[in-house]
Amino acid sequence: MLPVQLLINGLVTGCALGVVAVSFSLIYATTKIFHVAHAGVYTMAGYVAWWLVSRGAPEIVALLVAIAACALLGALIQGGLYAQLAKRRATHLVVLIASLGMLAVIQNIIAAVFTPNILQFAVPWAEHVVSLDTIRVTYTQLLTVVVSLAAYAGVMWFAHHTILGKRIRAVAANPFLAEITRLRPNAVYIYVVAIASAIVALPGVLVPLDLGLQPYGGITPLLTATIAMIAGGVGSISGAFMLSVAIAVLQNLSLLVIPGEWSIGITFFIFVIFMLFRPTGLFAAAR
Amino acid sequence: MTAYLQAAGLDHRFGGLHALRACSFDIEQGRITCLVGPNGAGKTTIFNAITGFLRPDEGHVTFRGRSLDGLRPQAIVHAGIARTFQNLRLFTELSALDNVMVALPRQFAEEPLGAIFRPLHARRSQTRRREDALRTLDHVGLADRARETVRNLSYGEQKLLSVARVLATGAELLLLDEPASGLSASALDAVMALLRRLQAEGKTLLVVEHNTRVVQQIADEVLFLHQGHLMARGSPQQIIADPALAEIYFGGAI
Amino acid sequence: MDFLFSYLALAAIYVMLGLSTNLLVGIVGIFSVSQAAVFGVGAYIVAHFLMATEPLAFLPALAIAMVCCITLNILVTLPSLRVSGDYFVVTSFGIQLLATAVFTNWTAGTGGANGLPGIPPPDVFGYQLDSTFQLMALCLCGLLLACGCFWLIMRAPFGRLLRAIREDELAVAAAGKNVLRAKVSAAALAGAFAGMAGGMYATFLSFIDPSSFDLDASILLLTMVVVGGARTLAGSIVGPFLLLAMPQALSMLDIPTTIAAAARQLIYGFLLIAFMLFRPQGLVGERL
């Protein structure tokens, strides 16, 4: 494949990954929970949309329902699991394990209902191709970039220009102070996880349009997204997005020299480099 | 003659907070020096800087002529300085005896190979070290509470235990962070008597303390810290009697 | 009778893994989803040496595997000590996924996705151990060894140091002890147990493939420790025995084979959540 094609593929994947990273970063910076189950929410989005489309629903309806379903699931996980664990004063390790358990539950319910095999969307316009010379870009890819950038811009605007957004940032900066100044962090946490889950539904639906659905396919993108978040600096939404694009581009370009199955190695290698030389990331938010 | 413990030009910021400003002081061997000052003056930050829990942006610390810069906390304990914490940080699930035993230096079978391949030697060595630990507990007056879990100890007993733990390390310079705060009158007397006893045995103490009565009764010298800088030093009477310092301590800006 | 011996042999292997995971997750407090990867490394190394053109006897092959797994676990744990706990979650996932990629794609070394069939039975001091009973006996020996080591270190000063570290690392450093060295030692020991388990697994089953050493397997190991109970010898034994019996219990329900694996994993996930919410100390362990 031509390098330019790989670059474009990388940019597209990077944008989708960027949304995953931004949504995860919202949750992590606010609740301080490493919400591994986010990969399950991401996966569920695609399946909800697929199921509705296969039943004849218009694509836009399927997307909106998927977004709503994810928001609901996210809120349930935060309120029903994480908040309960916090009440029992669970340690960080306990919450991590519970999140992992939730991921396993979500993924395996999906696998049991939809079988573990790869499913494809029956959306004909998605595969339509725009060609420039030898460069091919599918409609899905274009849509992914547009939606992802819009989501990124939306989150930035929300965080800085809305009351809820500012409230979230306040809680993230100082949960203790938030507790005693009636910012009600617990309610904020539910909002944050619900919103972030709604956002992650976007790549959750768009990416499988191209690549197909697989119940266990959420963990690798999540892992890459968290590495982007860490490398970009926890608390920096822009950092998370930009590093996602950078990592995806690097991963795709590396296909010129390494077989595809080893791309996880590239991501990991980048992570190790950052951990060795710049553990706080590039744009860590000032505290 | 180099000072026993010397801090020179310690400077540190936490983000926007300038916690230590060119802070310099020295401690004489064998004395009880009290570090006083309003909240936020930087007392615990100095403890952290001396004991390796914090790397100050600038400045140096030397102990008996040897630089402590960049050393990790356990290395500083080996050099002869040990500290307690304001919030104690005892091992709550362990007994008082175990809390002390953790701190005993150079034990056999503190790593897996010795524990697995020479278990009998490990047991014998432990029995001997248990005697050492019991002696330390006795020294602070907790011998009869040795087997109790930390949870079952009163706050005063827990404070004594935290002192026992630093004693167990064998360190000669002890940094005590508010050893007398929150104690009843009788517990307070026990602690003060203990500190004087330690001094009589040759230990040097640097004590952060808010209680003026304690400071008056045990301090040989007082260092007054304000906004990360050493503002005054002198005998307890001099410092406590100074109206300007009292204003800062009680009424001034934090 | 053979069936019982098989169950006991497998249970012994998983108890060794349970001890390994318990050391890392329960005692040191590191969130690890890469235990199955280390298990796999042990298995593939022993398989390699037993099937080489000039095969080694079982114990030397096992020793090599254990040394490799010890080294691997040390390398894997070291990052956790430089960076905060959450960054280590990323590292642990990364290692597990990377290992699965290696097991699945490095066909020359690991047989790829099809695995390695035909691993010979172990040759111990000149005796070939052929029967299920003899293999079980070998695994039980390993189990006794692992349990013995675990018990010895927990009652030694090392065990007390680890308990203190789990409570308050800073206070341990303030007491003059090297926290890093203690954690790495525990991780090394965990690696040794996992390597031993891997070697016995390879020779007992005579066939290994990447699916036994993937993320799902790591989740199963975590579930064993969570259900049995963290930080105790009893917990490391009860968990594996119970969870290994579960597939048998499940097979009595009429679950179609296509979703049997998903059903099992679903139950593991559910158990993890339930125990973390309602019984974090497991059945016979201490609170995580």
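The chains carry the letters A, B and C, assigned in the order they are written, with residues numbered from 1 in each.
In the analysis below, a residue touches a chain if its C-beta (ideal position, glycine included) is under 8 Å from a C-beta of that chain, and two chains touch if they have at least 3 such contacts.
These numbers come from a predicted model, not from an experiment.
Chain contacts here run in a simple line, from one end chain through to the other with no loop closing. Chain-level centrality, scored on Cα centres against the all-protein Cα centre, points to C. Centroid to centroid, with C-alpha atoms defining each point, chain A and chain C lie 31 Å apart.
Spacing of chain A relative to chain B, judged by their CA centroids, is 47 angstrom.
Here the CA centre of chain B is 42 Å from the CA centre of chain C. Partner chain C is touched in their complex by these residues of chain A: 28, 34, 36, 81, 84-85, 88, 90-98, 100-105, 107-109, 111-112, 115-116, 215, 219-220, 223, 226-227, 230, 259, 261-262, 264-265, 267-268, 271-272, 275, 279.
Across the complex, chain C meets chain A through its residues 25, 29, 31, 33, 79, 82-83, 85-87, 89-91, 93-95, 97-98, 101, 104-105, 215, 219, 222, 226, 258-259, 261-263, 265-266, 268-273, 276-277, 280, 288.
By the touch rule above, chain B contacts chain C in their complex via residues 51, 53, 72-74, 77-78, 82-83, 85, 89-94, 98, 101-103, 105, 107-112, 114-116, 119, 122, 126, 165, 168-169, 171. Residues 149, 152-153, 156-161, 163-164, 167-168, 170-179, 181-182, 185-186, 188-189 of chain C are the ones touching chain B in the complex.
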